[in-house]
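Listed below are the structures to be examined.
Next come two complexes built around chain A: one with chain B, the other with chain C.
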Partner chain A sequence: MQITPTLGLLLALSFIVSLLALTALIWAIANKQVHTPDQDDARSIFQPGEGAEIDSPALPHHFDTARSGIDKSSAGPVMWLISMGVFWLIYGSIHGLAASLELHLPDLMSGSAHMTFGRMRTVHLNSVIYGWSSQAGLAAIFWIIPRIFHTPLRLGWMVNLGTLIWNLGVAAGVLAIANGWTDGLEWLEIPWQIDIALAIGAACFVAPLIATTRARKVHHIYVSGWYFLAGVLWFPMLFIIANIPGLHWGVEQATMNWWFAHNVLGLWLTPLGVGTAYYFIPKIIGKPIYSYSVSLVGFWALALFYSQVGIHHLIGGPVPTWLVTLSVVHSIMMFVPVIAVAINQHVTVARNLWALKASMPLRFISFGAVCYTLASFQGSIEALRSVNTITHFTQYTIGHAHLGAYAFVSLVLFGAIYQIVPRATGKYFPFPRLIAWHFWLVVVGFAVYFFSLTIGGVLQGLAMLDASKPFADSVILLKPYLEGRSLGGGLMTLGHILLAVNLIALAFSKRTQDLETEPMVAAQ
Partner chain B sequence: MRDKNKQDPRLPDETFEPYEEPRRIPMPVYWIAIALAIWGVTMLVHVSYSTKIADKERAALNDQAIAANTPVKSEPTPEAGKALFADNCASCHGDAGEGVADAIPPLHASDVAKAGGATAITHIVMRGIGGPLIVDKADYDGEMPSFASVLDDKDIAAIANFVASDLNGLKSTVSPAQVAEIRTASADLDPWDGGSGLAGLINGLPAQPASETAAAPSPDAAATAALATHGTNEIWSCASCHGDKGEGTQTIPRLAGLAPAYLAKQLHDFKEGTRVNDSMDYVVKSLSDTQIIELANYYGAMSSPSGARPSLKGDLARGEKIALEGDWSKNVPACFTCHGPSGIGVGDKFPGLAAQQPAYIAHQLAMWQGGSRHNSPLGLMAGIGKSLSDADRRAVADYLASLPPAAANAKLALAVSATTKEAENGQ
Partner chain C sequence: MNRYLPLAILSLAILSFATLLLVIIPGMQIDKSGVSPGLKPYTVAQARGRAVYVSLGCLYCHSQQPRDEAQAPDGERGWGRASVAGDYAYDTPHQLGTMRTGPDLMNIGDRMPSQGWQLTHLYQPRAISSWSIMPAYPYLFAHKDKADPGDVVVKLPPAYAPKTGVIVAKQDALDLVTYLQGMKHDYAPPAEGLRDDGYALMAAQQHNNDAAKASK
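Presenting the complex of A and B:
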């Protein structure tokens, strides 16, 4: 009884401190206490020697990453990460689709324990989060970080080693889960013994990034760099703390579980997606981001408020009220960074709508960026107790999770892959039409998926709250919506297969470009 | 392959670097941030305030519970005994313990009470009693439920002492500590078996009728008990959900002591689909008509202490009013008008409600309201279900859970028709 109010006070203080920090930041920006990257900074970012030729006053904000050998240094590790990521994407999608089918065709695969919903769904989650999103995101990081720091990737061999260890870890984890060996906590199912491999793999990714960052040749770090560097420091901390065996028990374990699970989204996948979009949107369009000050607000508000958000998953659970309330308040405060990112990214795209037609990668990335705004607004509102009462324990939550992890992060990463691969390999995609097919399949598939689960989830929640209806009613009414989910999921999976086909065909096609001598234009 | 020459000329060349313009933060961002911050602080202050109130209320409830469970050293007062008697006993035994001719034995100047004193009265209140009994040379053959679940040690001591001294002029008393001993030893036992059952308890008991020879145990009785407690390969056992003593839990009803005719009707309704429950639908599929009757008799004859306690935070006073008087402003009749005094059940159509699981009662009332349960005579319960609010459902369910369970009545057992049985055996 004595400890609870003290802890409550401390955590409530964290909200106040976050607020004060945000206020101080905004005050500093408003009073020009923060240095904005001006022309002097921009000029200082060119490589010595090269600057003299390229740095004519007519061409600020230009730098040739191909000719300076930067892209060459990262191409190998990036392609490995992308290839393995797409493998896990296909593997995870098939398991997700199977899990979805099992919800409305329960006898379909009831013959073996490996094929039951509980394992299929878990394999899906771990494949797509640790196998697909994390690796594709790391590919974007290793591509973009050397470019914005104007220096070749350091310790590239270590990235390749990390990719090897990481993939062995994910494969072992998925195999363990399929055989019924798990740690039993959502998002933390991979047994902690195998997590050690993942932690070592993660370390192999972090060290080259730090080495590259230390060797940077620019004064000002572009906004994508903040997100990437913060993400690669946050994720290992989250992952290791959450996986220490024997440290977390009972209710505290549940709070830790959702602290981790939500922070994987907010402090790992979100920085990956937002950072990637921050780089490629202006890069492809050729116009700057709307405002540096707003970037600052967006990044620091995320850093200050996100970490407490996860406990809103335990609304109604046996968790102290103040802890849940603090989480609800932090969830709502997430409107601030999301609005900031929305202003910066959407304004740039909205003023250049022509570019969506000109560039397929931009189409993926902008769609993803819009879905980040939508998913975050939806998430903040879902955290309110009055809304959560209806949506908790329903399919609505699944729809929301996919709006964030799929329509935002995965779409941005699809765009990044289509943008990076031709530049990293010097080859065009052999089937450019399949890229458009991929886009429309996943967009239409996702729309079917999302609206089915959102509408079905609300109806399910209302039915479960109605004491005069038997529980079975809430299950039966869901059936058409679950079928809709399978349809949407099927279209999305088909889209992923088209991506894989294009990548495999590209691997076997002839080299048409020379990276060093003939740089490609921004949109292929 | 896409032709490079067809590219939009507005696209930048490959060397363009993303950058941010040095613009100010738009004003609406300030307003939104300030508004959200104010909302957040208000929310935290508001919740901490309501948490404090809730903590205080919980502490007060805890103190009450502790006080109620702490054995009181002082002897119970005669005033308390009189009030408790009026609340718990007088409805059957009469305000002055005079009884009802041929139905309820008197407690005032009663030869059995005089012979047994406060201790024997405590034993009877604790376990209940049923069967032939002679008091003051008059024959009785009724059922009295156990009050073990309803009254605490201090209350029982107060009542026993009141009956012994005020109604029978005896000096003998029991203390709450002695009641606690009796509770530990015997609260779980079956009710006393009529007058003959009391013979070992009370010295100098007036002559009593012999115990009714229990109907010769049917050769199938053991099989029925095994079916109820262990199930078969096809059906899981009744006890796995309804409990060893048929006491139920949560939304699974208490079965012990319900009229066999009512139980059999419900099982048939499940079988015919006029009452729907996914678990029961499955179980009854493989029950024969004979097994239904035997199971109904098995649970109908079962006496077990109440497993129900008020647990839905219902308003007990409101629940009592609905049960005893109804609420005519909502067209709700009193529960006990049909379900019998104290909710002990009447016939095959009106099941006993006393000591039923509160979550079950509240859930069933909601089911009547929503129309997913619809097997009551004349649609009576549908109308009542529609009139009761959620708070009323919880109030009445909690009140019923606070009552002593109705005593089992073996005389209500159903006969198994010989022809049905032969037909089944022949199959």
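Presenting the complex of A and C:
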């Protein structure tokens, strides 16, 4: 099909609308038509007198009485979310590692249908996305939102109820998949009957956030709040539309599939990671982020451009040309929000490199933030037709997906957990050295994982494009890289086990310090 | 930004706009392009086999969307002509796929029509291709002392055959193979078939540029 004038117009229209919206925003900021968040707003997460000293358990920032009791209100729900999240992290990692091994040792686990690659890998994905990163991200949300709004969490019981329902949903979902009951779409495998439970769980998370937002004691909504509050609305909308049974069919279902799957990354996991980093980086360092007004452009540009990139998963496929081009163009436009976030987060860290040495949580979070920039740049480039034709059906894509969902989102959330847990429980981690081990295991493991799949994927793609080579060549050449991936994945899994060990040991240890929220004298 | 309601409304409006462009308008266009003439609905056995395909997760290694010759040598590999939207009119859940750890299967019924080959390959891919990394599916088969009437016996090389008795296909294996055998989209595509022509357009433009250079 050629691009008809109508469709060409539509394509141009979408791009122009997004561009105009962004221009309008910049004009409004330049002419002070809207209240532009300034550096004073950026300081709304600090208390007066909160200096540049490091925010570590041994040397905590003091909170004044106004905030007293805030952390206490959210500590319970947050700890439940973290515990369940880490459970699914371990469960998902083991399944991911098993799936990886199966690709180069195909007869290792062929005795049972439950353990076949197609199910193992799917249980891995659903465990880590819906079980781990969504819940760890929600933990960060429920920890940070009351703090930036200077008010206790409202409807905390509802969060606990949501956690219960959500986990039952995830458990039922992965059990269904392992037993062969699946909706059969990538990222949407959990049967829609079980998805009803997940939707109810999600509603139980949204209501307390809205209630807390409405009760806030500060006028300004700090940047993390924009990402979180929008993200928790975007996810239910995506999830419900995508799971309505009988509505989607054939190729329309494929476009819906990738509209959903990429938006789960872009409009759910990314806001979780970016919002968390936007809070903890300045908070731990003790200095406001570099250029607060840029963050506004970053947020709206993310919403406008990221929401339309999904069809780059169908480049060269049986979908309308204009639609693919639309997603390619918006993928390239993603440079705008990503650079905006990069300016803010990386400059803040780069000016305070001393803090990376002093704070392990910051080390995780900053590493994750850098990987957000890298993953996004890589994603934009990968969407170009000339690049995509090589990488599209290969392991390269899996490497890229893990750069985003793991090295960015999960690393930020690891840091958030190490930062939150001592403050929520009033206990130090019993094995602080294991935190450093966790960091290096996952960083080295991920590097091995990523470079194996990236190099292997490119070679695989080039072999498939070469008509003179039989298809078998693309499989045979890949094997050492698949083994490399298993090695990297094994190191990452080991790191996750260290996190779990520290958490379990902490649960059984005695309380050694007072909750930070109780009035304390500032560090001398 | 200081107000919640405008933030919430604008965020949802932007996602609605994206939904309109990525799902609703393409959906209407795909709907209008209709079913490819020549495409038949799945038979009952094929539909059962397709359910086995979905449930085992074949999708995660096999695509069902041959590319255009301007982009990739899929046609030369025998994977068939570039597919169009109308070829998938009876598919739900769609199984277009995003990986080619194994080859594209849109026309596997053309390429490997033999039931015997498919059954052996499903029972143990390495009995046919030593380099294959595809999972084996022994649980789709039964080990019997002696084949009963009506049983389909799987032919196996000695290295993979049981010491005594025979391996026969269970219903799931037979259905799956029926589905694979039916994967033939060898009819001519509709003239107005919907697909991503970006690579063909780029190739045509390149061709024109080259021609213009040559004539100078």
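To be clear about the criterion, the second predicted complex is superposed on the first by the 470 of 524 C-alpha atoms of A that agree within 3 Å, B and C clash if a C-alpha of one lies under 4 Å from a C-alpha of the other, contacts with A are read in each partner's own complex, and residues count from 1 in each chain.
Just so we're on the same page, a contact is a pair of C-beta atoms (placed from the backbone, for glycine too) under 8 Å apart; a residue touches a chain by one contact, two chains touch by 3 or more.
It should be emphasised that the depicted structure is a prediction, and the values quoted were computed from it without experimental measurement.
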Query raised in the report: Does the superposition put A:234 against chain B (first), chain C (second), both, or neither?
Result: second
Query raised in the report: Is A:22 contacted by the first partner chain B, the second partner chain C, both or neither?
Result: first
Requested in this report: Mind working out whether A:428 is in touch with chain B, chain C, both or neither, as first, second, both or neither?
Outcome: first
**Report entry** Which superposed partner A:397 touches (first chain B, second chain C, both, neither)
**Finding:** second
Query raised in the report: Thinking of the overlay built on chain A, is A:12 touched by chain B (first), by chain C (second), by both, or by neither?
Result: first
Report task. Once the structures are superposed on A, label A:293 by its partner contacts, choosing first (chain B), second (chain C), both or neither. Result -> first
Report task. State whether A:78 touches chain B only (first), chain C only (second), both chains, or neither. Result -> neither
Query - Touching both chain C and chain B, counted on chain A across the two superposed complexes - result: 37, 321, 325-326, 466-467, 472
Requested in this report: Would you mind writing out the residues of chain B in touch with chain A in their complex?
Outcome: 1-2, 4, 7-8, 10-26, 29-30, 32-33, 36-37, 39-41, 43-44, 47-48, 51, 54, 276, 278, 362-363, 366-367, 369-372, 385, 390, 393
Requested in this report: Spell out the part of chain C that touches chain A in their complex, as residue ranges.
Outcome: 1-4, 7-8, 10-12, 14-15, 17-19, 21-23, 25-27, 29-31, 54-61, 63, 65, 67-68, 71-73, 76-77, 82-85, 87-103, 125-126, 129, 131-139, 192-199, 201-202
Query raised in the report: For the complex, which residues does chain A have touching chain B?
Result: 8, 12, 15-16, 19, 22, 26, 29-30, 36-38, 42, 45, 54, 59, 61-66, 148, 222-224, 278-279, 281-286, 288-295, 297, 321-322, 325-326, 328-329, 332-333, 335-336, 339-340, 343-344, 352, 354-355, 357-359, 428, 430, 432, 466-470, 472-473, 512, 519-524
Report summary line: Given the complex, residues on chain A that touch chain C span 1-3, 7, 10, 14, 17, 35, 37, 102-104, 106-107, 110-113, 116-119, 121-122, 180-186, 210, 213-214, 219-221, 226, 229-230, 233-234, 237-238, 241, 248-257, 259, 263, 267, 296, 303-304, 307-308, 310-311, 313-321, 323-327, 385, 389, 392-395, 397, 464-467, 471-472, 474-476, 478-479, 482
